[in-house]
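Multiple structures are listed underneath, in structure tokens.
What follows is subunit A paired twice: with subunit B in the first complex and subunit C in the second.
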Partner chain A sequence: MLLKVGKYVVLIIAAGLIAYNSVYIKKLSELRSAEVKPFNAKEYARDYLYKKLPSSAGKAIEINELLAQLETNPLSAFSKYSHSLSEGDSKYFLVSGTGTIAEISDEYIFLKSKTAANVKIATEYIVGNTARDASGLISMDEFGNSMDINTVSEEINKLIKTEIIPPVKAKAKKGDLIAFKGCIELSKSDVKLDNIEIIPVFLTIKN
Partner chain B sequence: MKLFKVLLLLLVIFAGCNGDSKKSDEPKKIAIVVSTLNNPWFVFLAETAAKKAKELGYESKIFDSQNNTALETDHFENAISSGYDAVLFNPTDATGSVANATKAKNADIPVFCMDREINSPDAATSQILSDNYSGCIEMGKYFVKTLNKKGKYVELLGIVSDNNTWNRSKGFHSIVDNYKELKMVAQQSADFDRNKAMEVMESLLQANPDINAVFCGNDAMAMGAYQALSAANKADKVKVFGFDGAEDAITSIQQGKVTATAMQFPKVIAETAATFADEYFKGKRDFPKKKPVAVELVTKENIENYIGYGKK
Partner chain C sequence: MSRPYSLQLAKFQSLIALFILCLALSILSDKFLTVDNGWNVLRQISVNICISVGMTLIVLTSGIDLSVGSVLALSGAITAGLLKSGIELPGNDLFIGFTMLGAILAGLLTGSVLGCFNGWIITRFKVPPFVATLGMLTIARGLTMLWTKGYPISGLGNNFAFIGSGWFLGIPVLVWIASVVVVLSVFMSNKTAFGRYIFAIGGNENASRLSGININKVKVLVYTIAGLLAAVGGIMVTSRLDSAQPNAGMSYELDSIAAVVIGGTSLSGGRGSIMGTVLGAIIIGVLNNGLVLLDVSPFWQQVVKGFVILFAVIIDKANSKAE
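Up next, the complex of A and B:
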């Protein structure tokens, strides 16, 4: 009789333990706060362009110095100053400089160059990953998927086109001195320095 | 009776231990799970991965998911229960395949994604992916130049649940949409499939007989679209743009049938995945979560530098 009661007690305890471990009660508010927020590419792009990038602007190499180094020792210049998220030929550089405006077209602000290079600031077609990758500040591992990081490129490019360029382009005129920080793309296997296109991330007229 | 049960239990435990020690002497096994073998590009990817695994001293087996996530799940369960030590994985669905990779991870089996991505930062040990977006930026620039900034075109999308489909489309449109005289008159999925692309193209041509170009999210669809154009006697008037660098697309560029493709490097992707598995077995754990591999534009101007699936 005592053995039977003991068996029932053990069974009841076991059933209780199973039931207790099968059900979890949590506050709905706790669960909601733990939910992963969807990635906000616009917010990320704005933070990158206006906070992260200016705080590391010292990394930008003066453009004429970069061009000189690319002429004399391209391998070393690529190794020291270029970045890219993907393994491949296209590499990106963060550059700075000043220049006198030689000409303004619908698509570019052309600068009078101290070298043989034709240096121009893009104002119409701001595309690609140049502005995203040039600083080396963004890592693929920050993002859940490649769609997000590519959307970041598009949002950075949109901000440059709608917020960085228009105020300067509206008042820029031939002969003005312009200061810039920007990004350029060069092919590692086919370095062409005669036509340098800068995607601007900072622009100001210094007159 | 009790003594017999205890002896039996000890025997089972002993047999289990013995099995493990035998396993450590055997070469490690790598499962290569591929979305489909109905596309030569994926056949090349899978076979290259198997070849590299063999070179590194491992056994491998290729599993064909036939673009079906449920079949892919069966392959993973099979791989886990059969004692595979790593999975080189070309997923069928960016979101739907996460559960399969997670299952392997929970069984302490590393997963290395090849070419296609899964929407999880940690289910796979590493993901080796083509930089589709950048590749299609270059494709978009060439498309604009070839069409002299004006004309009508259609777009054939790949599988809509695959990230590559949208990365390619978005890269392309980030350039082409800047030109108002280039008008996309239709955009439809053909699931990266040659036969489906031919059917879709036939129907699109009936509604849009005056198009100047078709942009396809992969070369299989480009070849299917070309077949439909050829049957409708429009192959000379409509320019075909693909993506992948498949052998038939490279030949077609040489013959002037296809205008351009974007060369992914399946050999680099597959060999990197197999090498990562080898490094994992030898103790390495700090792999990049994502490793993008650059894509190169292939046109009649540089075709002499390329062969199917890579550079000469």
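Up next, the complex of A and C:
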């Protein structure tokens, strides 16, 4: 009889110990107030495009100067001015400049170029990570996961397409002088300078 | 009187088949007989071994369990869900969080309860095991979808992932778990009265009843153990993927039945062994691995596996007749 009772006591103690180590109870309200605010890619993209990027205006290299350096010493130009968050061959540059509008199509604003390069500002297809990576202001460490950083790219592109380009494109006409700050993508292993496509992050007509 | 030579040979048929398979694959692929591939095969079959051991016990009682794959999925999902999100009780302003131990125990309990329910339905209402467990297959899969809302539950932490991808004393943790399951099951089936009852029921249910064995109790317990082992498999799969997938364990029941049959356990019950099933699971694992290494199309792999199962059943029938 005593043995049986002892057996039950041991079993109850074991079950209690297991239960104690299996669950923990907290106040739901306290837990919710301590929860980390979920990442807001839209807010981040807006802050980047309208606050961080303008404050680092000095980091953008004048486009003709960049093209000249890429012609003469591409390796040095890439190491000095390019950025990328990935290990791939594509590198991104933050450039600035002014140019006279040579032509306006549905997809681009073509500029009269002082060099042989065909320089155009994209106005329709704003895709990829060019605008996100070119400045070098965004670091992977800021993000908890790769999905967030990809969403940031999407949101920046969306803002450029919907807020940066339309007001300028609406009043731009052939012959206007346009000032821009934008981002370009170049392949490090195959540098092609004859066709430069700029993703604009700042645009204004100077006339 | 000594048994005919062919019958003695039949006892080792699975082992002979495995040996021939390994020999052929070693000749056909230089990647097969490597240490890394050996561990890879053992890790892959660990889950099937756990499920198949439970299936063996059921088949020995001349039953069948079609629900193990779904029970595996639900148990894994419950474990993952509780570990990741716990239970919220907004009405009481309470959050019940689960430690890894708690979540695993809840997963094991889920499998056991579903297995017990299978056994109860089969014994209480005399529903054929095929039909009862077919019902559970659908019920458990539906519950898994409800619990996960159709999405995987991922990011379960390094400690939990260690079960599926870690090593202990130079051996993968998954292999340790499968080994413990096998050792305990062999002991139970060969050295305990309960194990003898399982064989007796499968051999002749009426005679067992008349000799005083509580048939229903043994059967319910056997189905409960099978559910528990399916849950063990579910936790292993979830940990290995670091994610509970709503469609996990699909057609696992077929692989486990195949392992049981290839291992020489008679589908009519009463004859077979856990070690035979382990061999059967290894044969299926080696066959899968070999066909992948030989770059055989997945569609042909299924065809080959099907023929192997048919061949095993035909051999089993021939052996029964000879005996």
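One rule holds in what follows: the second predicted complex is superposed on the first by the 176 of 207 C-alpha atoms of A that agree within 3 Å, B and C clash if a C-alpha of one lies under 4 Å from a C-alpha of the other, contacts with A are read in each partner's own complex, and residues count from 1 in each chain.
The working rule: a contact is a pair of C-beta atoms (placed from the backbone, for glycine too) under 8 Å apart; a residue touches a chain by one contact, two chains touch by 3 or more.
Since we're looking at a predicted model, the values are computed, not measured.
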First (subunit B), second (subunit C), both or neither touched by A:G175: neither
First (subunit B), second (subunit C), both or neither touched by A:G6: neither
First (subunit B), second (subunit C), both or neither touched by A:N21: second
Between subunit B and subunit C, more extensive residue contact with subunit A: B
Subunit B versus subunit C as contact partner of A:S153, first or second or both or neither: first
Subunit B residues touching subunit A - in the complex, by the definition given at the top: 94, 117, 119-121, 129, 131-134, 137, 163, 166-167, 170-171, 174-175, 178, 268, 288-296
Subunit B-facing residues of subunit A, complex: 85-90, 125, 127-129, 140-141, 143-147, 150-151, 153-154, 157
For the subunit C and subunit A complex, residues of the former touching the latter: 88-90, 93-99, 101-102, 105-106
Contact set on subunit A toward subunit C in their complex: 18, 21-29, 31
